[in-house]
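Shared between the two complexes below is chain A, which has chain B as its partner in the first and chain C in the second.
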Partner chain A sequence: MSAATQAPWHERRQLLVWLIPPLLWFTVFMVIPYCLLFYYSLGSTEYMTFKPGFSLANLIRVFRTEPYLSVLLKSARIGALTALGATVLGYPVAFCLAFHTRTARAKFLIYLLVIVPWWAAYLVKAYAWKTILGTNGLLNALLLQLHLIHEPLTLFLYNQFSVVLTLIYIFTPFAILSIYAQLERIPTSIVEASSNLGASTFETLTRIIIPLSLPGVIAGAIITFALATGDFIAPALLGGSNAIMISNVVINLLGVAFDWPMAASIGIVVIGVGTALISVAHYLEHRSQARF
Partner chain B sequence: MTAIIEVRGLQKRYAGSVAVQNLSFDVTEGEFLSLLGASGSGKTTTLRMIAGLEYPTGGQVLFQGQDITNLPAAGRKMRMVFQDFALFPNLTAWDNVAFGLRLRINRPRVSAAEIKSRVGRYLEIVQLSAHAEKLPHQLSGGQRQRVALARALVTDPPIVLFDEPLGSLDASMRKVMQIELKRLHRELRKTFIYVTHDQEEAMGLSDRVAVLQGGELLQLATPEEIYAHPESEAVARFIGTANVLTGTVQAGNGGFALQLPGGARISLGNGPADLAPNQTVTVMIRAEQLRIRPAASLAEEGLVARVAERLFLGDKVRYELELPGSATRLTALDAGGTPRLGIGDQVLVLVEPSRVCVISPRTGAAR
Partner chain C sequence: MRELGSRRKAWTLGWTVLAFLYAPLIVMAVFSFNDSEFTSLPFRGFTLRWYTMLLDDDRLLQSVWNSVYVALGVVALSTLFGLPAAIALDRYEFPGKAWFARIVLLPIVLPGVITGVALLLFYMALHLKLSLYTIMLGQGTGLMCVTITEVAARLQRMKKSTEEAARTLGATEWEVLIKVTLPGVMPALFGAMLIAFSISFDEIAVTYLLTGRQNTLPMTLWSILRRQATPEVNAVSTLVIVASILLICVGTWLSRRGSGEPVEAPG
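Entry: the complex of A and B
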């Protein structure tokens, strides 16, 4: 920076004073934990106590020893299904909110309905799904009442289906808001121009609106994917043995097996994969972003 | 001369306000018709109802005699150039122009070779062949305008609609595009319906001008007619620089004269046939029709006035004149030939009786 553009010292000092709290926060709660994670992943355990070291053995074990890799892949699949479901369900809502909600009041109301479930704790909502899907749950009661079944079904709960369903329910608002933010940027005149040129609603949607909303779709998908892949409440409450996810494994390694180096190594792998995925998504988001 | 568009008692009400009320006019096939008005006059709403982008709350729109009032926009045989151009930001200039040709509405489908040749031709017409592969944000305002124009014309619609298409261009670009539009209209022989708030633009481009105010049609006529014989004070004031004066008719030796409140008199000559003495009338005189002379030449008959303001405009000088004993002010545009006059100078204002247009009460003979 040349001397001419550099702020005077007293201004920079003032800026520094303002920056100290966030920098401190960032260091204590992000930089140090990342370093600790690295440190622990390189060590080993002996009789359930941590032994510092410098070995990549744990990192290799993540890929070589069952069930780590398969659980990791299963988590990613559940995350991907959640992202897909949230996008498919969230897109029409965002679309209506952006293009077919005339009054500001109606818009606010829908917006509120999307946000309000977040006032309830996640745990409570996961429990709610348990009471809906369980053997004595609402769904079974309804089906019995309609004489569609003769005894309660157990197939709704404690499997990947119940986990994905719950995760979609929980995280769809993120997809909606992300897609909506992008759709909101599309000027009405562009949609009008399309129909003026003779395009059907479907053609306008596929040729103009969806391509223009792609950055929002990608951003929403990556958020829901990340949140769902790393989730541990839904699999713990609704997953049963078939739907154990990577966070549950990490918690067990930490709290039950006291194998901190293994837990840290899984963390490193998840962070690495996550960083790669987000980079790709960011690139795609940037490429698909039209300049209005 | 057949009407391609007929607007019948068109009306658009919003909650609590009226944008367009009881509007009726015809658009002749092949003409360049401007809808001229200030903002809030209902001109854009009218255009959008013709395009099908908005639906009227009353009245009808006919296309070649057929009622299209409730036909969706996609089904109408007209293309629009939007004020903000409304180019598709995800498509190149080429793909923007090709958009309308690739849609299912074209039956039979337009072949790839046909699309290629037509898009190429229209990009050439608007002089953008070199920029075909650019995205809208990489083009200048004038270039975007041309893409929008090519996109509207490429499907060969019988009617092209323009919603203040030059509004966002700078003054010099606007002049270039005006000439371009006039040339395109002459060469393509399509019907152009053009919305603008710029009266000079409307007058210069159009075969006929519809002047709108408060959602109502004030006058629809050729630019010359509207300029020389406005039917209302509002039209007179909206177009050009007009002096609108109200006074009493008096019979004199050389025909009629208009007696102004301050005592000054303007000769009306023989006037319209139904002019009667003691009648109160409003007249309009164009600013450039007022001839001014230094007060020394008092031999001629005219109004005595005093120069209140003098504005040099380059090709002409604008004088604001005060009539003694009256609040009435006159504006005169002098294109040269008059000796330089200063503020406070006494002048004589001469008016040719034939240049005085009686606006109200409306008289058929005045036209």
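Entry: the complex of A and C
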């Protein structure tokens, strides 16, 4: 602290040493590409080649022309369902890890048990669900064996259900880690005080633990929402024509339709939403964060 | 007492969720040994042929090395640029800091496809040929935020007083960095390297758009999966899972050893 008042010039030179390399990096590999994206979104295509221009027509088309807006909304809905599902499934495990694991060794082992599925290859996890839910899949084989059904059902795969289930599966470990980090910070004394003052387990849970865990829940849910909304593997592998998501649309615009300006316009809209999301997350996390 | 409510009820729920997380992985591993062309019941006997088939698949093996190469490059880039960014963000005040932090964090919430499209336009403008290096630059930009958030969180918990004490006792800025700051952030930096490596090894959205003629492992798996799904994929997947378990164990062991060391130890 004293250095700041005594030698501001010295301090400023050090700051520049640290700041300039990453600043340059992010300018070259993020700011400039995003500006290019914006530039492309203002142009148009003629005979599959890009024509520069200055029109907002493409950006307006994102909101006015089908299927862009509805696919965006559907992706957001799938993302929200995923965030909700992963939080609901993740909370009990995080709770056990924070409140019902006695030794440090046990804690470490359970922690590893959570990390392994999180780190297992993404494609592998999506593909595993395909083999389970498919017409010749394990779920159908099991139901046939139990004589619950007489012919394989097709309703498990290639729809929004299979996409959401797979995404929930993929993001649950992440939700666990995020919620656990917050639960671990709740002091034991607060839990004890609550029960000493006569609160039931349920009351302690709903009025102390859950409110205090909200920052972790929100942080995890927002990142899950963002990643799931932008996913393109699960819909491509497990979703039918009904479960196309926004990233698949962007890829089709590039690879099939060669409509770069339209793809860029969707990108700009998504970047806008993403920036807003970071700000909201920041605000909510700070508002709900209690100081111990 | 920290335990709240019924231990048995809590763990019944907990283990149910963990079973849900492991069931597909176990299914995968079991069917990688099934002597049948299809991943379905009944189980037709034990075989290792899907694993031996892997060893003959040059394209697949080459893509594994490509992935390792890309991931190492990404780790190097995100450390080289992420560490200074974290130090600047935590230890200094400067105008536009909030915006810098926001831009740095943006790739976390942006779909990889959007990052990929933006970079693809950039490469096209520069007439850069797509290769493993273009993938590396793209993933590196996306994953730098991991290093920055991990290291900045660690710096926040580290007291500035140790660094100031070193300065007062006559250490140069360089000595403070090498002997105090770096050893202190080492566990976080190491953890970030592992996370960056594993995400890069698994990354598909950015890679999908920026890949040239050489493919990474997820891209090769993706093309196999889209054509036909042989149990060979189960075998690769099982190996990838086993490899990541080993990596996690080694990583956590190393970082635990690292974090146990007091700050003043090196010298």
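In this text, the second predicted complex is superposed on the first by the 268 of 292 C-alpha atoms of A that agree within 3 Å, B and C clash if a C-alpha of one lies under 4 Å from a C-alpha of the other, contacts with A are read in each partner's own complex, and residues count from 1 in each chain.
Just so it is clear, contacts are C-beta pairs under 8 Å (C-beta built on N, C-alpha and C of every residue); 3 or more make two chains touch, one makes a residue touch a chain.
From a predicted model like this one, the values you see are computed outputs, not experimental measurements.
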Dominant toucher of chain A (residue count), chain B or chain C: C
With the two structures laid over each other on chain A, which partner does A:V71 touch: chain B (first), chain C (second), both, or neither? neither
For A:G198, select first, second, both or neither according to whether it touches chain B, chain C, the two together, or no partner. first
Looking at A:P211, would you say it contacts chain B, chain C, both, or neither? Reply first, second, both or neither. first
Which of chain B and chain C A:L177 touches, first, second, both or neither: neither
Who does A:L167 touch here: chain B (first), chain C (second), both, or neither? neither
In the superposed arrangement, does A:L238 touch chain B (first), chain C (second), both or neither? neither
Examine A:A263 and indicate which partner it touches, taking first as chain B and second as chain C; both and neither are also allowed. second
Mind working out whether A:T131 is in touch with chain B, chain C, both or neither, as first, second, both or neither? second
Looking at chain A, which of its residues have contacts with both chain B and chain C? 192, 195
Residues of chain A touching chain C in their complex? 1-3, 11, 14-15, 17-19, 21-23, 25-26, 29-34, 36-37, 40, 89-90, 92-93, 95-97, 99-100, 108, 112-117, 119-125, 127-132, 136-138, 141-142, 145, 169, 172-173, 188, 191-192, 195, 201, 204-205, 209, 222-223, 226-227, 229-233, 237, 246-247, 250-251, 254, 260, 263-264, 266-267, 270-271, 274-275, 277-279
Give every residue of chain C touching chain A within the complex, in rising order. 1-7, 10-11, 13-14, 16-18, 20-22, 24-25, 27-28, 31, 38-41, 80-82, 84-85, 87-88, 91-92, 94, 100, 102-114, 117-122, 125, 137-138, 140-141, 144, 160, 164, 167, 173, 198, 202, 204-205, 208-209, 218, 221-222, 225, 229, 233, 237, 240-241, 244-245, 247-249, 252
Can you list the chain A residues touching chain B in their complex? 187, 189-190, 192-200, 203, 207-208, 211-212, 290-292
Considering the complex alone, what residue numbers of chain B touch chain A? 51-53, 72-76, 78-80, 82-84, 86-90, 99-100, 103-106, 135-137, 151, 155
